[in-house]
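Next come the structures, one after another.
Same chain, two partners: chain A is paired with chain B first, then with chain C.
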Partner chain A sequence: MGKLFAWDRFYENIPKILPYLSVTFSIVVYATVFGVLLGMVIVLVQIKKIPGLSQLVKVYVSFMRGTPMLVQLMLVYYGIPALLDPVLGTKINREWGAVNFAYVTFILNQGAFLSAIFYSAITSIPYGQTEAGLSAGLTEFQTFYRIVLPQMVKTALPPFGSDLVGLFQNSSLVFLIGVTDIMGRAKTIGTATKHVLEAYVLVVIIYIVISLSVRLVFFRLNNKMNYGKEEIG
Partner chain B sequence: MNFNLDHFKESLIYGLIYLPNTLRLVFIPLVIGLSLGTLIALVRVYKVPVIGSLLALFVTVYQGVPIVVALMIYNLIFMLKFNDLAAFLHLKSEVSDVNNIWVGIFALSLTSVCSISEAIRGALLSIDKGQNEAGDSVGLTKVQTIVRIIIPQMIPVAIPMLINNVVGLIKASSVVMAIGIVEIVAGATIPSSRTYAFFEGYAAAAMIYWAFTAVVEGLAQKLKKYTGKFRRNLYD
Partner chain C sequence: MKSRMRQYVFAGFLTILGGVTLAGCGKKEASAGGGAEKVVVGTGNSYEPYCYLDDKGNLAGYEYEVLKAVDELLPQYEFEYKTSDFANVLISLDAGKIDIGAHQYEWNKERDEKYLFGKEPYTTYVTYLTVAGNRDDVKSLDDLKGKKVKSSSGSNSAYILENYNKDHKDNPIRVDYVNNSTDEETITGLLNGVWDATIMTARDVDKLNKSYEKGSPSIKVTGDPVQTSSTYFVFAKDNTKLQEAVDGALKQLKENGTLAKISVDVIGGDYTESE
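The block that comes next holds the complex of A and B.
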């Protein structure tokens, strides 16, 4: 077995694992971009109180918040083929790479979580603002875009940042459905060389660096956003 | 659409059988997290030299580690080094004698200590500094001030955050199936390996978790009302 942890093996792993960071990043980017869109649709449904749909959305958000990411991942991984194959006559399991299931899960999950963040940010702005905008002859969209949105970004930013940190961490679960992200690659290195600890430690360091830099970026952004605040108050 | 209700029911029963394992994985880390987390938060808020900043560094860094990665590392070290440790301590036990649920509990405890300490620190910082000074001025010792004045005021502020932590812990406990501990998810899919009804198995697990978190959140609402009873509402 030899030594449990050797630095030369650790350095050897760096070029082997780092390229797979792109898989992690692609999951996070897809989840954030489409999650924001989905979240906005959900918030729209909730605020407009569209009958039927808004109750459905409520159940959906509660489900996404009340069940573990891992279970959602597995549900999508086994559920999409089970539900769609008989209807469409396809063989999704063979045609889709595992990473596509990860995209779908993370988009659905982020949509729910971001909608909750957006919803509380929008409702934190007094309704009088919207009324003022409408009374000044702005359309509903203009009111939202020019008056509500700039104010809500400020409130939504800190929870959005911690959500993003959580998203990076959760993306490490995808190796369980066979996606080779950095964690999956670390495991395959482990099976190939019988030395997995170095690879895991590298993965941990990568995640720590990502999490600290995301937090730093949001800390800076937050300070910038609050720039004018003291002068008024 | 392929959804077999019988398989779903069977998985539901299997999942519920292993609910006690999940409960263990949630409550032991929760208790450890609450006690150590409060301690860490107090050390950081009262700026104990050296230890305070070391703990701050540890909490910040450790919060960046995904639980599943941490779990894999602990499990690996446990598997490889437990026999040596047992021999060193002259214990007559081997790695096969020890249930590796304790590895899961250890990993979840560390995570919950960090997140709970952050929640409690936030609550402690929200309490006015004058409260400490008032305690001092009436002749209470520092410990008395903390126990009798600061902590009772901190609890209602901390509760919403703590509930989030508990729900997070319940959800995080599912990842321990990655190291082969049988809890709700792994339990619910036991029949699936025979029937290939994995979708039904995971759906059953999801239902159990959903109900579990709903119950916790329902209790939390009650608790919030109870602990907030003595808090003066500024708008009253």
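The block that comes next holds the complex of A and C.
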């Protein structure tokens, strides 16, 4: 059977696959933006120890962190409409495109992962500082916003970065529910042209470039946050 | 002053975000209206030439062309297409996400218990054991006892193999469920011995052999057909109204020769009545 890899096929694939980066990016952007919001809400519940809710949140976070992304994707895709449609009288089962379910899954998943990152960052700051702030006459919000938050961001940044790198790779799972992202497009090119290796290689290169750029950005950010301290590396 | 500024920026950002979300929801509701009843067709995205994505990433293939012709004959319906991988099409039908499953479905008892099959077949489907071109040791399922055969979950070939294994528990065929594989993986696996055989139609084997360079070792069908059947569209169990409408349209397409023409154009031969 012919050549397994040919450069002309590789170049032909570039314009076919690159437009689908927008799908990958939209998943990552939605998941990060709303995931951060959800993560903050979860952390708030945990720190305020709201009875009932904080136990629920604990179960939720451990479920999201302890089950495969693929299972969560299938559960949301088939399960959420089955749960919500009869109760709310909506028709999301039929009217939502697969990509919306992908957004929801990734937001729910990122919310849990980010909440764990935020929680550990907040608890790394000694409570004495909050007490000091409060006794100096700052409100609770002011204490958090001016004293805890700036330090917390510094601690949370490196794990947040590596989480983002992982998110890009995880987003390739959405093809299984029928969302065509760069990985899915590579696969369908393989079906249509009978040659899949060139498309896979291109996808690998795209993911490596993305991951290196994300890491570079976070490396820079990190050094910037090291006010006055020596730069790493 | 500066921190006040930051708060404003943050508030503005939240507002924009909320606006975008609301706008997104509004758009979806607006598109839901319209005159004809919406019918969602579920099909695959990696079975060339039946259902696959073309150069531009749009759905193409025999299933799509046939359904497009069917849709033209049925003014009361408006078809919309959803693609996913093969195993998920029937699950989507279960979940009510789609109304018609179109993925070269052969009739079998197990499927018939769960779904409503169309009465009007639209392609013949004669499957054979398929092996690497240099192998002569396989002629029937009996020759494959203890050997590895490639299949995919939810497919009719898996059903055939599982049924065979029920009667031959002592030395069953080892079924390897490979979902979502590409043709290249299939042919490479057969040639280098990952699998001893798989089950395919003769036209799929021809297609694969043609797609890779000539003169090199290829795959072939062997023995008598494993099963001779046809493919049908699949509906939800209680959806007789839609099934009858689609069957009626299919019948018309057969009588006026359109279906045969689509088959010749897309698959490369008339596979609508017999092989």
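Everything below uses one rule, namely that the second predicted complex is superposed on the first by the 223 of 233 C-alpha atoms of A that agree within 3 Å, B and C clash if a C-alpha of one lies under 4 Å from a C-alpha of the other, contacts with A are read in each partner's own complex, and residues count from 1 in each chain.
As a convention for this text, contacts are C-beta pairs under 8 Å (C-beta built on N, C-alpha and C of every residue); 3 or more make two chains touch, one makes a residue touch a chain.
Computed from a prediction, not measured in an experiment: that's the story for all the values here.
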Using the superposition on chain A described above, determine whether A:S211 touches chain B (first), chain C (second), both, or neither.
first
Practice problem: With the two complexes superposed on chain A, say which partner A:K16 touches: chain B (first), chain C (second), both, or neither. | Solution: second
Q: Using the superposition on chain A described above, determine whether A:A82 touches chain B (first), chain C (second), both, or neither.
A: both
(Q) Output check: A:H195 vs chain B and chain C. Expected answer is one of first, second, both, neither. What do you get? (A) second
- Message: Just checking: does A:V71 make contact with chain B only, chain C only, both, or neither of them? Give me first, second, both or neither.
- Response: first
Practice prompt. Could you look at A:L176 and tell me whether it touches chain B, chain C, both or neither (first, second, both, neither)?
Written response: both
TODO: For A:R185, select first, second, both or neither according to whether it touches chain B, chain C, the two together, or no partner.
DONE: second
Chain A contact set shared between chain B and chain C covers 1, 78, 82, 176, 196-197
In the complex, chain A touches chain B at residues 1, 4, 62-63, 65-72, 74-75, 78-79, 82-83, 85-87, 165, 168-170, 172-173, 176, 183, 196-197, 200-201, 203-204, 207-212
Given the complex, residues on chain A that touch chain C span 1-3, 16, 19-20, 33, 78, 81-82, 93-96, 98, 145-146, 175-178, 180, 184-185, 187-192, 194-197
Contacts from chain C onto chain A in the complex sit at residues 3, 17, 28, 32, 38, 40, 45-48, 52-55, 57, 82-85, 88, 91, 95-97, 180, 182-185, 187-188, 191, 208, 211-213, 216-218
Given the complex, residues on chain B that touch chain A span 1-3, 60-61, 63-70, 72-73, 76-77, 80-81, 167, 170-175, 177-178, 185, 198-199, 202-203, 205-206, 209-210, 212-214
